[in-house]
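Some structures are shown below for you to check.
Here chain A shows up in two complexes: once beside chain B, once beside chain C.
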Partner chain A sequence: MRLSGHLKIPSLMLAGVILIFLPFVIKNQHLMHIIILASLESIVVMGFVAQHNLKLITFCTAAFWGMGAYISGFLSTKLGLSFWSCLPLAGIGTALFAFILGLIVIRSGWVTFLMISIVLGEVFVEALGHMDIVGGWDGITGIPRPAIGTFVFVSKGAYYYLALGLTSLCAVIFAAFYKSAIGKAWTAINQSPELAASVGINIFKYRMIAYVAAAFTSGLSGSLYAHYLCFIAPHTFGILRSLYLSINAAVGGLYFFISGPIIGSIILRAVPEYLRITDKYEPIFEGAVIILIALFFRRGVLGFFRKSTLRGL
Partner chain B sequence: MTGLKVALLEIRHLSKRFEGLAAISDFNLEVNELEIHGIIGPNGAGKTTLFNVISGFLPATAGSVIFKGEDIVKLPVHSRAKRGVVRSFQLINLFPELTVYENAYVGHHRSHKTGLIGQFLHTASAKEERKICAQKTTELLEFMGLSSLKGELAKNLPYGHQKTLGICIALATKPSLLMLDEPVAGMNPEETMNMVKLIQKIRDNNVTILLVEHDMVAVANLCERISVLNYGEKIAEGSMNEIKGSEKVIEAYLGKWEEGSL
Partner chain C sequence: MSFTIFVQLLVNGLVMGSVYVLVATGFTVVYGTAKVMNFAHGHFYMLGAFIYGGLVMSGVHWAISLVLAGMAVGVFGLIAWHIIFKPLYQDVFLTVAASIGMGLIMVQGIIVTAGERDIIVPSVFKGVLEIGDITVPIEKLAIVAITFGVMLILHFFLRTKIGKALEATTIDRDAASLQGINPGRMFGLAMALGSVMAGIAGAVVVPYLTAQANMGNTITLIFLCIVVVAGHGSIKGAVIVGILFGLIKSIGYHFLGSMDIILLMVIVAILMYIKPWGIWGVEFKRTI
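Coming up: the complex of A and B.
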């Protein structure tokens, strides 16, 4: 039914070794770029999947990502903070925002929640576009690169390790949730909110945990995104990006809480690149992918290989 | 309160209206500790509504629900469950995609005493608690006679076992008051008698039981006291023999017999 216990640790170690030595194998800089972006996106998608599991369907995933990016961009360019201070602040700031927003939206039922998330996703972009302090529609440029002492992260290889580290951290955070009693409560709510409440599970509280955790990790990812590209603009974080991110989740498999987002993000970053699909045709491609998934791959790519849902990370 | 016998659950002047339609009006009930109390009545009498109001799935229009001396009428569902008022459902009674074992395990949610951060960090105490929960789950499945099915997905179980599992989940929360919504509905006579024995066994383990049921055989075998509900009002209360003779009860079930109506 699932990967047996004694195979799990060696296979994880093998994956770790491959991931660590990847930059020595791949010399193609563009491919490294794709991998870095996919890994940053996969963090955001993990948050989306966690929320989806609790029937919180959201279209402002990219807005949370952008919030992290903008907090980081603002703090580093205007206040001169280093990446290492900006990173946690971006996560905490986004999480705090989500907490306050969550007090209002989480209780409101899933339709209202979805609607508010769409509005929020658009308002976020519009608001940034009209705020001169963060550069308006032109965005923030000249975001400093991370540095340790005199070593500055410039090469793709160096950034790859940052992205790998951050993705691993977020994967561990989510895995810790899913494996704990909190994750069990999440599963119960997914299966039947009424029954979950009747055994004493506070649905609001457990939804809030997922909501805030998703915001926190998305904020972290956004921060590194900003310090990687050194340039951010409002349109990157619009509702269309949120939609694409949710497709990443569906392609990987919505009930593969950690591996799904990673696989899905890699596939959807790499395939358009190698099919030479330009921006103009990307929406058509993504549309076709949605239809194919809805028709044939309800459980995502990973659902092909493993039957068990809800228990698989 | 008289002071002599303390009621575990006391319902006073409870009313529930749906936009003018009175589903329950001025309902009073006392359930004593370790009693098996039945609520019967014709279809549409308001039994399930009453259950929903007591367990918190529907807000009451007026009145109070006093449990262990505390008015819980305004509390949300999960807070009532924390205080020990737990119900099983007629239909949505299990987590379909989880195994029998996992279903029962989730029922033990309240046994996790470590804080959220401790659980997130998988501290020693959180791990210890999970071990204890697993132990309790195994014991409970044994008690309910579901051990042999623990690896099955809940949705694949036969109907009778699904019903038992529903009660098992409710029981995992260690309730003081277990509310059962039609526990033997749709069961054959043999399954019914097994369920009756199981419910008695649960009561013998210090759980007070309030149940709604149509099956008179089960009710007669189980309940020490019975309340009869009709059009949202209590029309009789007492032992099976007492209510059997009540004219109002006969009228509610069979209709009024008038001189020359045939």
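Coming up: the complex of A and C.
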């Protein structure tokens, strides 16, 4: 929701104070777990929204997330690096991979990009499953928890502050992009790629920036995910996870670049937890909900508050 | 590698290639005309396999079952078009999300109704063709022959008046509607046509592979790669690349086992780097 100028700073500060004191209010450990996972997911969804804004619709967001998790898990279990050096390495590694991949897939236009992203999402899981060096289908277990000196992050509260810090960092990165000249170019490409190209905006370059930035933040998020759960397996990062992540974006509102992903992720993480149904019919229920959201809930939660669908932070 | 094994691999590749051709052509017809990316297309193929299997096992003649399976999947595709794809028209992200959701429902629906076991359908063509010391089951040749027949029917269908209207809508929707063609109806027709082809592909492949609830996932990867390499909307490209990928996959499987998909990915990446719009693709202005 875009707030008017003089209300923005105080409301952000209020939100910050609430978020900082949240662990003292919520005593339910399971709820804290949901909030941590939702904040990690919201980072990935921010990347998805940034790409969607440039007409790059991707269904391998979970694959980049998983790549960050696997780089981090591999480095910390096999090479014994600490979380604090794994975190940036996971981000940089994922960004590098996205850069090389982007040279091939972005030039082909968004139709091919979309199709190839689905193929990549499936192949990523298959390839990890057949790689014995990262544990195959069993995944990596026993990933060490982050530690500062002798203090080890074990409690949900400690992880909450870590996740909050990372989410704020990624939100600031994306907000800085949207505010800068790059963000102006992104908006131009969003409104009309042809027109943007005609005034000399290099579409390939700006799409590449969004693609690599999304991969970098997803890698960071994946790294913390691996060190939070201490266990990762290929199936977590399949195409269905990407679908759910993109649905988070749709529920939050696709044209709300930072608040939309956060709100959508929290809603879609929290609501299914309290709506347990029989296992056998669960995929049918999920599929029906996705179709219903797509048909009748296109503007998202935040879309109800603001009519215009152009841009907002 | 002896010559006999090589011929066997070629035949297997041709069989799988012809199935890929049917599915990829179906997808490319739907995308080319209606501009709908139906990622449940692979699950339509699965649905065709199960309908055919059910009909044959309850004693219906195989040819009637084949036609009925194709028709049923076509009607299913038409219903999906009217309920899901038409209201979401031109909203690409939500179309894709809804189609994957529909695939989820279809797979689980089949598991709930038909059980989790694979369904083995007895083949109708028994016997083998022997040339020297090479033996080829008639069943495999029948798959290739049926594919060829279906593609021939599609070829002649596109020469009729309604087929020409379909092609005109593919080329330019607005110009076609100025000539009195109803584009909405043509989109529905394309959707039904593509679904029929997916259903027939599923039906012909059942005796060769078995009917599994998640057989759509594997083929989705391959037909997407075929459509990307061939260029979206190109039927000729889909046929050539489909056969080629069948051969590559069959020979790759012989040497690499289940990592053959990596070989396919490398080939796709190289071809995409050389030809970003696909080999037979048009450099769409609309798809920047």
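Please note the rule applied: the second predicted complex is superposed on the first by the 299 of 313 C-alpha atoms of A that agree within 3 Å, B and C clash if a C-alpha of one lies under 4 Å from a C-alpha of the other, contacts with A are read in each partner's own complex, and residues count from 1 in each chain.
As a convention for this text, a contact is a pair of C-beta atoms (placed from the backbone, for glycine too) under 8 Å apart; a residue touches a chain by one contact, two chains touch by 3 or more.
Small disclaimer: the values here were computed from a predicted structure and weren't measured.
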First, second, both or neither for A:157, with chain B first and chain C second: neither
Chain B versus chain C as contact partner of A:176, first or second or both or neither: first
Partner chain in contact with A:188 - chain B first, chain C second, else both or neither: first
First (chain B), second (chain C), both or neither touched by A:130: second
Contacts of A:112 with chain B and chain C, given as first, second, both or neither: second
When both partners are placed on the shared chain, which of chain B and chain C touches more of chain A: C
Touched partner set for A:144, first chain B, second chain C, both or neither: neither
Touching partner for A:290 - first (chain B), second (chain C), both, neither: second
Which of chain B and chain C A:59 touches, first, second, both or neither: second
Contacts of A:280 with chain B and chain C, given as first, second, both or neither: second
Chain A positions touched by chain B in one structure and by chain C in the second: 194, 197, 203
Chain A-facing residues of chain B, complex: 55, 57, 76-78, 81-82, 86-87, 89, 92-98, 102, 105-107, 109-110, 112, 114, 116, 119-122, 126, 129-130, 169-170, 172-173
Complex contact set, residues of chain C against chain A: 31, 37, 39, 84, 87-88, 91-98, 100-105, 107-109, 111-112, 217, 220-221, 224-225, 227-228, 232, 258-259, 261-262, 265, 268-269, 272-273, 276-278, 284-285, 287-288
Footprint of chain B on chain A - complex, ascending: 176-177, 179-182, 184-185, 187-188, 191-192, 194-203, 209, 309-310
In the complex, chain A residues that touch chain C: 52, 57, 59, 103-105, 107-112, 114-116, 118-119, 122-123, 126-127, 130, 193-194, 197, 203, 239-240, 243, 246-247, 250, 254, 280-284, 286-291, 294-295, 298
